[in-house]
Amino acid sequence: MGGNSIGNLFRVTTFGESHGKALGGIIDGVPPGMKLSEDDLQIDLNRRCPGKSLYITPRYEHDKVYILSGIFEGVTTGTSIGLLVQNKDQHSEDYQSIRDLYRPGHADYSYEKKYGMRDYRGGGRSSARETVIRVAAGAIAKKYLAYRCGIKIRGFIAQIGHIKCELKDWNQVEQNPFFCPDIDCLEALDILIRNLKKYGNSIGAKVTIIAENVPAGLGEPVFDRLDADLAHALMSINAVKGVEIGDGFAVISQLGNENRDEITSQGFLSNHAGGILGGISSGQPVIAHIALKPASSVKQPCNTVTRYGNEVEIITEGRHDICVGIRAVPIAEAMMAIVLMDHFLRNRAQCSDVK
Amino acid sequence: MGGNSIGNLFRVTTFGESHGKALGGIIDGVPPGMKLSEDDLQIDLNRRCPGKSLYITPRYEHDKVYILSGIFEGVTTGTSIGLLVQNKDQHSEDYQSIRDLYRPGHADYSYEKKYGMRDYRGGGRSSARETVIRVAAGAIAKKYLAYRCGIKIRGFIAQIGHIKCELKDWNQVEQNPFFCPDIDCLEALDILIRNLKKYGNSIGAKVTIIAENVPAGLGEPVFDRLDADLAHALMSINAVKGVEIGDGFAVISQLGNENRDEITSQGFLSNHAGGILGGISSGQPVIAHIALKPASSVKQPCNTVTRYGNEVEIITEGRHDICVGIRAVPIAEAMMAIVLMDHFLRNRAQCSDVK
Amino acid sequence: MGGNSIGNLFRVTTFGESHGKALGGIIDGVPPGMKLSEDDLQIDLNRRCPGKSLYITPRYEHDKVYILSGIFEGVTTGTSIGLLVQNKDQHSEDYQSIRDLYRPGHADYSYEKKYGMRDYRGGGRSSARETVIRVAAGAIAKKYLAYRCGIKIRGFIAQIGHIKCELKDWNQVEQNPFFCPDIDCLEALDILIRNLKKYGNSIGAKVTIIAENVPAGLGEPVFDRLDADLAHALMSINAVKGVEIGDGFAVISQLGNENRDEITSQGFLSNHAGGILGGISSGQPVIAHIALKPASSVKQPCNTVTRYGNEVEIITEGRHDICVGIRAVPIAEAMMAIVLMDHFLRNRAQCSDVK
Amino acid sequence: MGGNSIGNLFRVTTFGESHGKALGGIIDGVPPGMKLSEDDLQIDLNRRCPGKSLYITPRYEHDKVYILSGIFEGVTTGTSIGLLVQNKDQHSEDYQSIRDLYRPGHADYSYEKKYGMRDYRGGGRSSARETVIRVAAGAIAKKYLAYRCGIKIRGFIAQIGHIKCELKDWNQVEQNPFFCPDIDCLEALDILIRNLKKYGNSIGAKVTIIAENVPAGLGEPVFDRLDADLAHALMSINAVKGVEIGDGFAVISQLGNENRDEITSQGFLSNHAGGILGGISSGQPVIAHIALKPASSVKQPCNTVTRYGNEVEIITEGRHDICVGIRAVPIAEAMMAIVLMDHFLRNRAQCSDVK
């Protein structure tokens, strides 16, 4: 199967390169009868859009999304929805210098080994620019899930470098350029990013995504488990190197009687499981964490080779993010929404109704 | 799509419950012409098989696998391969006591919410017993990949509780009951497990899986990336709560110039990426780590409710593993083999050959 | 994707060769809560089973089916259902003579070109023996659809050679060895088959399948249309060379005002469309016709070549059906049931419920 | 899975309605390294394009196709290819009169039953306008197959009404407005169509598609057989009611010794099978026939009901084809190309190379 689709009943297929004519996608499986407009999608596209502060690349992307099909008189028809976002403000010439080089940490080397050639302009298809359509598709899923059963999917920056942010206030998240929920971290984050900018370096981050009001029963064991599909979707985001559900790697040193979530007639007493038991949602909030590596394009020179095997030293400045993890918040929300939407539809299909 | 299949060109579909008549699977997509026998599969099934030491459940499972189709005169024919493993030594009566209870940490609650009922005997389909067929399927993939391009897939215990094991000696891994590569950890692990057994508790673990000689080019961006499919496959293993590729969560506090793997004419100077760049294998060893939670069935009593909402205190002794992570080593190897096999075939299909 | 699966939400995967150890399958996607027993499946297996008359091969196949999983206390659990049918009464030695020959009309040649080798015993995987599991899977779908919304799926022989049978009496269908609904054809059919048997020849047939009480709305345009999926499923039956929906090829010479089915407040005035409009069920009976070629193994000698290219004349007697179309009736019913079941679940998943 | 995709390794996904903003698609799985331009696609789009004669609807569709991604420096990159065709010349107001009516023979009724509403403008998604993208996708597959192994896929009109056309001259096909290969039929066809136009009626047709130089071995039994996938793809074309492979329905009255294709050291002596044995290509030309119903929109009045159940008489003139079968030739060629391309890649993936 082509690698550019995700989901079964709710299926998102995308195309587009960093410096191509446009990015686009087809969203298949949206039930008919839901009000939907381009504005519904633009909200999250704007949250993802860089250029709003010094913390992310100054490259200005006017990501205006167009819905080309699947809507009639303002309502979804149940047919496939075509999405289009034109590319603008491209400085392809910036990339001439790396056309024959493999930028360490980037996909240049592996793409060329796989395809025998590559679109070197801004990383081509391997650029995070591709996530624009993921965010638009996720916005459709978010809206459906909210209308249909009140599911609320939100994310925030949990850590940048050594600075850990606690979930103190959801309202704070949209009020600072870091998607940070912890007002006490803002100054430290500000200093960290300013210093990194000064020295032309970048840093990794941890993002947490939480879905509330998820009904119990979502997930199709033994392979299409909800946690497994979330891991797939989240790991498919550029720069993600790790995924956790609930306590994640902390379970390694936990004892059996510490880890299990006890149950009372009032519900669960804890949520170490992150809302998923045996690959199926339990009705508790679904919690996932992801680790994003630092951008590889920094001012520090490094060693690499050309397509012809010659060793060279390069400095890949470009106009890149100091912390790609920040922009990953709306992207990760979108991927969780896409997975939950798909499983919501699958669960409805398989529900019991025969005696 | 049914949730009991994994893979596209190399597709594994399974059935069977902990205490049903049998476990089985269908392996579709094995290329014709490879010598294959039941013995090839039995090796890994025995490695997974409990009962060989006090560290894992004394339940004796004689997991003899039968190949029912797809082989003619000792060679694969290219048609689907049917596998069967009969269930024996079942003590279903042991589970009468929990037929109306939800065991905390188990899938009892979520399965019943999803399906409206459940096979309570040993967890039914949610039992790790289901992984028997995964291991058999993985053995087929391992053999193909080894023959075809010398890929070698091996795993080991990297941590149990607070005891971290270093990869000092691959040969040591198969010589101790922990799949531990670090002889200096054996005594500590022995004491830890003995104490947990004495107090009837369990503990989590970390398992590392490494695939060597993986050719560059495996992975189908932007969604069926190699890292994303590995995350899906590994997270689908019972008790797994986290997956890392390469440096994983350590990247959060790394700087851009630390994380990227520099390249020379002799190859990469490091492997922070875990052998995957942009979702495509780079030719370096593919490295993944998983976190497994402690078994939830321990002697410490805990609170739960019945199907009817009544609160009760239970002790779910049964005959369970002290550290399920140990048995997860051959299972995780199998899942990585299944994913690499699928991507090896997919990559071959898409290779360039037109000018 | 492996070629041995069909369906998305209701997914049937099979294995097994004509003379292998066993045939089996995995049925994934059966909703939980339906009473199901091996007897429910055996009924159709017996209808398909040869040996009940001279009209079909004397080979006695005792197709006892075993359900190995997915049922608990007599009810489906929503997990995958494993099926097994053992092979018996094999006369593999009968096939030694053709191990190096390509039987014209059989798949010997194409299988060997594809796989580089073949299991020559009774055609191996290409044998109609494989349809045993399709019939068992179809029986599950039939039962679900009948319970869930009263859908009734039945087939009959519409033509053998030049003898056309009219649908005069459904009850007659199960009372003669031809699945013929037209009592006035029985004698002619009897004579035809006896003569063919005498001269060791075979004949083609046409089978009609009708599903009643199919709710309007099944089918997922523009590719997974109900008619397209039926065409796929029916054409996948051994020896089928043509598929029609409704009037089929008769539409070629129809005028626009003849073909369209007019509508009144009482419903449609005709059913030229065969119950499908724009790829979606209209609520009228779904009608399909298939053409089956005559068995290629007959007493008349014919020319062929060996694997080594040598020309030879062969007579492939074996113990084969005079009219394979007869046995195809329950198989075609099963394939229609599998498709309708899949689309019933898919339609439920996509139904509108948001404003 | 969403119903708007077809194929596994070569996957075509489409969107767009008759009177929406645009039609588009994503072609996933095109191997890298093939030269490809918009002109390569435009050729077939023009062949499909109406308005070139009185025989087809005067509606002028300027189907200029844009490739938005997947090509770099004139060559495919192996990433997904985005296609876009803008809609123009729309007379939506023409359809106001039928907004509350179900046009007999059209999908109005079934779409509304399924989705609870419909885009009534020109049939919305159910319009044959949707096939524009299929033709563009097919053109990519045709080019690849021609370059890669000389496969040549061509179609022609085999029958309109009672007028049967013989394959006398391939060159003639592109030289008349009927795609007719039989110069002796042209006058009769001309008179037939002129009369139908005069009386405002329409007629059915039969189209034959032949693929030459298809290598032996394409097809994945037992369900994803080449013939089964062709039946699926061809039956998914608007107005198609029947599909035949090789002799098709003629096999019903054939004897076993007539139907089988004998083999000599020079190859097969006949091609009753249509180039497919056991669901796998035999190396002979692959031959398929399809039956297309007459357009339902004609000047003759007919009975129908409104959405509210009121009986009315309608005349759905519009600007429609007298024989939709004519335009179906390039569409059917495209669908066969899409299926062969997918199976070519799948076969390459599964080929034997291990001992």
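A, B, C and D label the chains in the order they appear, each numbered from 1.
In the analysis below, contacts are C-beta pairs under 8 Å (C-beta built on N, C-alpha and C of every residue); 3 or more make two chains touch, one makes a residue touch a chain.
All values reported here derive from a predicted model rather than from experimental measurement.
Asker: Can you list every chain that touches chain A and also touches chain C?
Answerer: Expected: B, D.
Asker: Between B-D and C-D, name the chain pair that shares the greater number of C-beta pairs in contact.
Answerer: Higher C-beta contact count between the two pairs: C-D.
Asker: Express in whole angstrom the distance between the two chain centres, defined as the mean CA positions of chain B and chain C.
Answerer: Using C-alpha averages as centres, the distance is 38 Å.
Asker: So what's the Cα centroid distance for chain C and chain D, whole Å?
Answerer: 26
Asker: Rounded to the nearest whole Å, what is the centre-to-centre distance of chain B and chain D, using the mean of the C-alpha atoms as each centre?
Answerer: Roughly 45 Å separates the two chain centres.
Asker: Two or more other chains touching the same residue: where does that happen in chain D?
Answerer: Counting only residues that touch two or more other chains, chain D contributes 1-5, 8-9, 14, 29, 32-33, 78-79, 114-116, 125, 221, 346, 352.
Asker: Going by the touch rule set out above, what shape does the chain contact graph take here: line, ring, star, complete or other?
Answerer: Shape of the chain contacts: complete, all pairs touching.
Asker: So in the complex, the part of chain B that touches chain D is made up of which residues?
Answerer: Going through chain B, the ones touching chain D are 1, 8-9, 29, 31-35, 78-79, 144, 147-148, 221, 345-346, 348-355.
Asker: In their complex, what parts of chain C are in touch with chain B?
Answerer: 1-5, 8-11, 13-17, 20-26, 28-29, 32-33, 66, 68-70, 72, 75, 77-82, 84, 114-119, 124-125
Asker: Taking the touch rule as given, give the residues of chain A at its contact with chain B in the complex, in rising order.
Answerer: Interface residues on chain A, with respect to chain B: 1-6, 8, 14, 102, 104-107, 109-111, 113-116, 123, 125-126, 130, 159-162, 196, 201-206, 216-225, 227-236, 238, 240-265, 269, 272-274, 276-283, 291-298, 300, 302-305, 309-311, 346-347, 352.
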